[in-house]
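For clarity, chains are labelled A, B, C and D in written order, and residue numbers in each chain start from 1.
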Amino acid sequence: MDFIFPAALNAISYGLLLFMLAAGLTLVFSLMGVMNFAHASLYMLGAYFAYSIARQAGFWVGLVAAPLLVAGLGMLIERHVLRHLHARGHIPELLFTFGLVLVIEEIVKLVWGLGAVDYRVPPELRGTLFEAFGTRFPMHKGFVILVALASLGAIWWLIARTRTGLVVRAALANPAMVESLGHDVGRIFTLVFGLGAGLAGIAGAVGGAVLVTEPAMAAHLGTIIFVIVVVGGLGSIKGAFIASLLIGGLESVLIAIDVRLSDLLMPLKGLSSGLDAVLALKASQLAPILPYLLMVAVLVFRPRGLFGEREV
Amino acid sequence: MMRLQLPRAGRSGYGAPAVGAGLALLVLLPLFGASRYWLVLGMQVWVLAAYAYSYQLLFGRAGMLSFGHAVYFGLGAFAAAHALNSRALAAMGLPVEMIPLIGMLAGLGAAVVFGFPSTRRAGTPFAMVTLGIGELVAACFLMFPGFFGGEAGISTNRAALGGWVAANYGAADRAYVLIALWALALGAMALWIARTPLGLLARATRDNAARLAFCGIEPSAVRFRLMLVAGALAGAAGALSTLLNEIVSVESVSLAMSANVLLMTVVGGPAHAFGPLLGALTLTLMQSVLSRFTHAWVFYYGLMFILTVLFAPNGLTGIVSDVLRNARQLGAGGMARRYGAPVAAALLAGLLAIGTIEIAFFRDEGIGAARVFPAWGAAGLSLGCLAALLWLRRSLRGLA
Amino acid sequence: MTRKFDRRHVLAGLGGSLALPALGARGWAQSPSVKIAQLEILSGGFALLGESNARAVEIGVEEFNARPGQAVKLEVQLFDSKGSAQEAQTIFSQVADQGVRYVTGGGTSAVVGSLIDAIGRYNERNPGKEILYLNHQAIDPDFTNARCSYWHFRFDPHVLMRMDALTTFLAVDKSVKQVFLINQDYAFGHQVQNGAKEQLATKRRDIKIVGEELHPIGRVKDFSPFVAKIKASGADTIITGNFGSDLVLLIRAANDAGLDVKFYTYYANALGAPTALGEAGVGRTRLVTGMDLNALNPRMQWIHKRLREKYPKIELFHAAYFDMIDMLGAAFRKAGSTDPRAVAKALEGLTIEGISGEITMRAEDHQMLAPLFVQTFGAADGVAIKKGIEGTNFGFRTEGRFKASETIQPHSCVMKRPG
Amino acid sequence: MSASILSLEGVRLSFGHADIIRGASFSIREGEIHALIGPNGAGKSTLFHLISGRLAPVSGHIRFRGRDIAGARPSLIARLGLSRSFQQTSAFPSLTVAENLAIAVMGATGERGSILRTSAAMPAVWARVEALLGKIGLARFADRIVANLAYSEQRILEIGLACAGDPALILLDEPTAGMSRAETEEMVPVLRAIARGRTLVLVEHDMEVVFRIADTVTVLVHGEVLVSGPPEAIRSDPRVRQAYLGQSPEAAHG
């Protein structure tokens, strides 16, 4: 118990951070059918923008301004590139966002350098929130949870309670219908893409300060959020939420468990010497591949994902 | 009886004799006294081209966008390394010329295992599954250092086995010929597959997989068979990379290696017979030659990829064949009148953009263009670049 | 990337890929100096390390060449290995083509190992054109044990030599009772882990290893689960070979959770770690290093100052290159030649005065024996800690000095020598 | 009366709480031309999707030549000799007309994509393609890329694809949709021609076409079979009039 509890809190904090990214990706995918490879790159830009703004104007200004910048950038990308590619199908869109990943990473390296930048939470967030089971829970992790809940709540309100949200929801269900009702579907696409990008920007502005802001941060998170979106079920926000916490928690839990596969399979001992290398692995060493195993398994056995309404 | 024009994938249109002569010249590069460096670069082009040909079967023919093709390439490379190091095989007298077959078998085996879960789906889900499988295998490499040599990889010696034709292939010129011939053979196999009934079905799955099913043909079975072929060819290409580098490490199965083949295929031209070769040549030149002049080479490469996706869906070979076709119609003078202004504008804009980037980013390092131009040069160049872009836009309007 | 090369061919560079390396070859041929090809990782995740190595060698060579009466000058050509064994092979073939006979570089053991192997094969196939590999950073013990090569010389104490210094120091500290080992899950991390276990078992049988963790390299974003585990294990000391962001994030998570343990590290003086340590690391973070920044000799002082002026962003945290350059110069003099065969022979058993004491190139395995320092993190006071590092007010105070003769470890190298 | 080739028994399909097909039962005799009609949203195309395997029913049986094919894979159903066309032209747009037909023939002849010969070396397949081209009158477009064909030619190709494999039963989804009067007139003999020696089921909005060629007409309303019988009986059935009266004239005439 003494380390399961902090591990659980960590998992929630990390899982919510992942969810901020996965939610935007899911939203964009369900509306436009575009799997935005560069979503994690927008997260990285959020962190770097926030870092640069924070150095001039302070952390809190950066926290607000950086996501707005990223959202604007996302809208520009949608408006001026993706929309034109849309006619040619999803593969060119996928290829374009993939190329964007490369280019954004290189731009970040050229502008901000190859190493990590010193982007940290401000002193007022550096303390301890509370102490339980002999471990301190740092305030900045609580802050992540707070920001994630607040921004997701705002998105929920926007979509569920406003007129624009109503049109967005209608467009999600049936874009042709919305078009025929005289709404500009193109504008809705741009808006939603900007919203997703903005969420990634917020996640970056917060995540970069709490974790680390470096050129590799996009690559590290990029594939994980795909796993989440697929495992949760493409297009399902609820699924993305559960999968975020699941994958976020998986790592913490596996690290906490000190078992080797050979211990689990004791009864089968002597089955095969060829498997020794596999059996000698500790659960924590399996942590990096488990999400991918999960993703492949889901796609093979339950293509809709855990909560998806339609097949991937 | 009516004559049907039968499907001919990969028609070059340049005249078979000319193409054959050109390829023969390339294979015999060592005879012209090319230095070891150029031979190694050449071998790299051949290896990457063979790899890209296998990918072209998936992406170019069947529209299967894989992000995990390095799995097959890498496993083929590892199998080849183990085969080269194996005493038993040496004792059995396995000639080094046959090493690519080992890689081919490994690639095929891997495709049997991983092909099934990935080819059940097409489109975006296929891309995601292949990405997941790619990450999975790459992560496994570091977990089982016994099999894969850990991060140091597995070293080998291509001269460890004797050959049928040459006594051994230690020397670069002999290795070059071996690798070039094998790569040509692999490329030819890939192009052959495109012309077979499987190739026809591949194009049909890309066009409309659901319709194919209603014709009585299971699209996932077509994809699976293609994956087997592409996996085997990629495995053989991986074995060629082992013969070239004499070391295999985790980078052979990495996401970067999977991305490379995608970039090469798209930039070269996803449907053209020479696309993979041109793509491999471009990547090698940028990676090994351009990278000596600027740190920003990856940026330029990524930018080139994006521009290709946006403006030249048929890749560089597409541009070349368009130009050749137009040249035949318009003649030299007509070409100059028609394309002179846009090409000049594009070149100028490109050069000025590169200059701007080099100065802006490498000021304090003092490399590349930043060494000659003063700091305000960047501002001037970027203005010039903007003007050139406007000119480009105007001249393109003139074209349309 | 070669500086000279760039300057001559800027326009070609602007033109892009049309540039011909053949032009470069002519440029190099005019210079009478000994050429050394340096392969560093200048792009990707390890780029900062490669950049630091490149700049330090540049300044070290500048100082070497400027010495009065220096008969043989060195000329370094820098290449980006991109952290890829394959790419390293291509560069090597280019380098061999140009007639360069000395290769150096750091980076991952995959790259260095592939180069050592490639040079072995090349020298076998091309007698009379032998090439030497001068290793200034890859400290995998294998390179001077199981995989040792006559053409490879290592100028940096390897993992186990460093661990020996660290554990000797740790053994003296009676407050250490329970040790936790956390390392990156790859060759180097495994070596640190195993070395620590073996050496602690002989030096302090009463110390308990209460936990061992191997985590994927460069992929852990949040170390707090590990920290929670360390805390739960009751450890009072951590031994880690982590570097870069893996160390920075470990330290941050430990500080956040209020983990009160001693850190015994390999790289706490580099790549962001001092910044992350801050006040919380004072007095309880230890480091084994080959260089004492608080007691630099005049030569090193000049190099340090020059580096700070020329590349303010680059920190000096590694010094094996400077010993390497000096020893190479001494070997040229001893051999009366710059031919690698003669130089290799001359290097074997060569003893000179290095940057912080006597250094010897052991003939049997080509491992240099050099002094090591164990240092503790603290606030800069101008005396014991002369200056803060990485822009902080903190630095490392030297608490233990090991002479070269005190760092000797046995080796298992059976070297194949040319006939 | 000849034997039933296809019969549906209590076929039911629902998405969430919405019932799309509420227990449809009817059977189709071998060799007849059977038309499915009904107002928009009656579930005609959905029924085609169920029969051809694109959708699987929640419950019920679909028997084709005595074998239950409910929920089977489309490719299997096609190999059993049941073929279909689509409302939207959905051939293989980047392939030539001949290649399109070749693929449909390959599916029927069991060609699974050999890699040991070129696709030119399939004499049996190409001979059948040539015959088909003649039959549907697209011979002069054999080498035309399908995407470049005119709309009505694409519709004809669609039908050619459906009968390429010489299936026992063909489902045609609105073969005359979007066609001009004249084009529709040209289509009627084509439909008669392909119906020779096999069973044809079509969904069709053009009532004139339906009553000219159909042997049996089944009327579907709200996912249920309203009535099934010969065209004359359907024409005079008051329930059918009732069902169509609420609809706009376009719905009744397509």
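Quick note on the criterion: a residue touches a chain if its C-beta (ideal position, glycine included) is under 8 Å from a C-beta of that chain, and two chains touch if they have at least 3 such contacts.
Bear in mind the structure is a predicted one, so any value in this text is a computation, not a measurement.
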Quickly list, by label, the chains bordering both chain B and chain D.
-> none
Using the contact definition stated above, find the chains touching both chain B and chain C.
-> A
Looking at Cα centroids only, farthest away from chain D lies chain C
Contact tally winner between A-C and A-B is A-B
Whole-Å gap separating chain A and chain D, where each centre is the average of the chain's CA atoms = 45
Separation of mean Cα positions, chain C and chain A [Å, integer] | 36
Taking each chain's centre as the mean of its CA atoms, chain C sits from chain D at a distance in Å of 73
Round to the nearest whole Å and give the separation of the Cα centres of chain A and chain B.
-> 31
On chain A, where are the residues touching two or more other chains?
-> 285, 288
Pull out every residue in chain C that's touching 2 or more other chains.
-> 43, 185, 216, 313
Which chains touch which?
-> A-B, A-C, B-C, B-D
So in the complex, which bits of chain C are touching chain A?
-> 43, 45, 47-48, 51, 185, 213-216, 218-219, 221-222, 224-226, 228-229, 231-232, 245, 248-249, 256-258, 271-272, 275, 313
Given the complex, residues on chain B that touch chain D span 1-2, 4-8, 192-193, 195-204, 206-208, 210-219, 221-222, 225, 229
Which of the residues in chain B come into contact with chain A in the complex?
-> 63, 65, 117, 120-121, 123-125, 127-129, 131-133, 135-136, 139-140, 143-144, 146-147, 255, 259, 262, 266, 295-296, 298-299, 301-303, 305-306, 309-310, 313, 357, 361
Per the touch rule, the chain A residues reaching chain C in their complex are 2-3, 6-7, 10, 14, 109, 113-116, 118, 128, 134-136, 138, 140-141, 211-212, 214-216, 220-221, 251-252, 255-256, 282, 284-285, 287-288
Spell out the part of chain A that touches chain B in their complex, as residue ranges.
-> 33, 35, 81, 84-85, 88, 90-92, 94-96, 98-100, 102-103, 106-107, 110-111, 223, 226-227, 230, 277-278, 281, 285, 288-289, 292-293, 295-296, 299-300, 303, 312
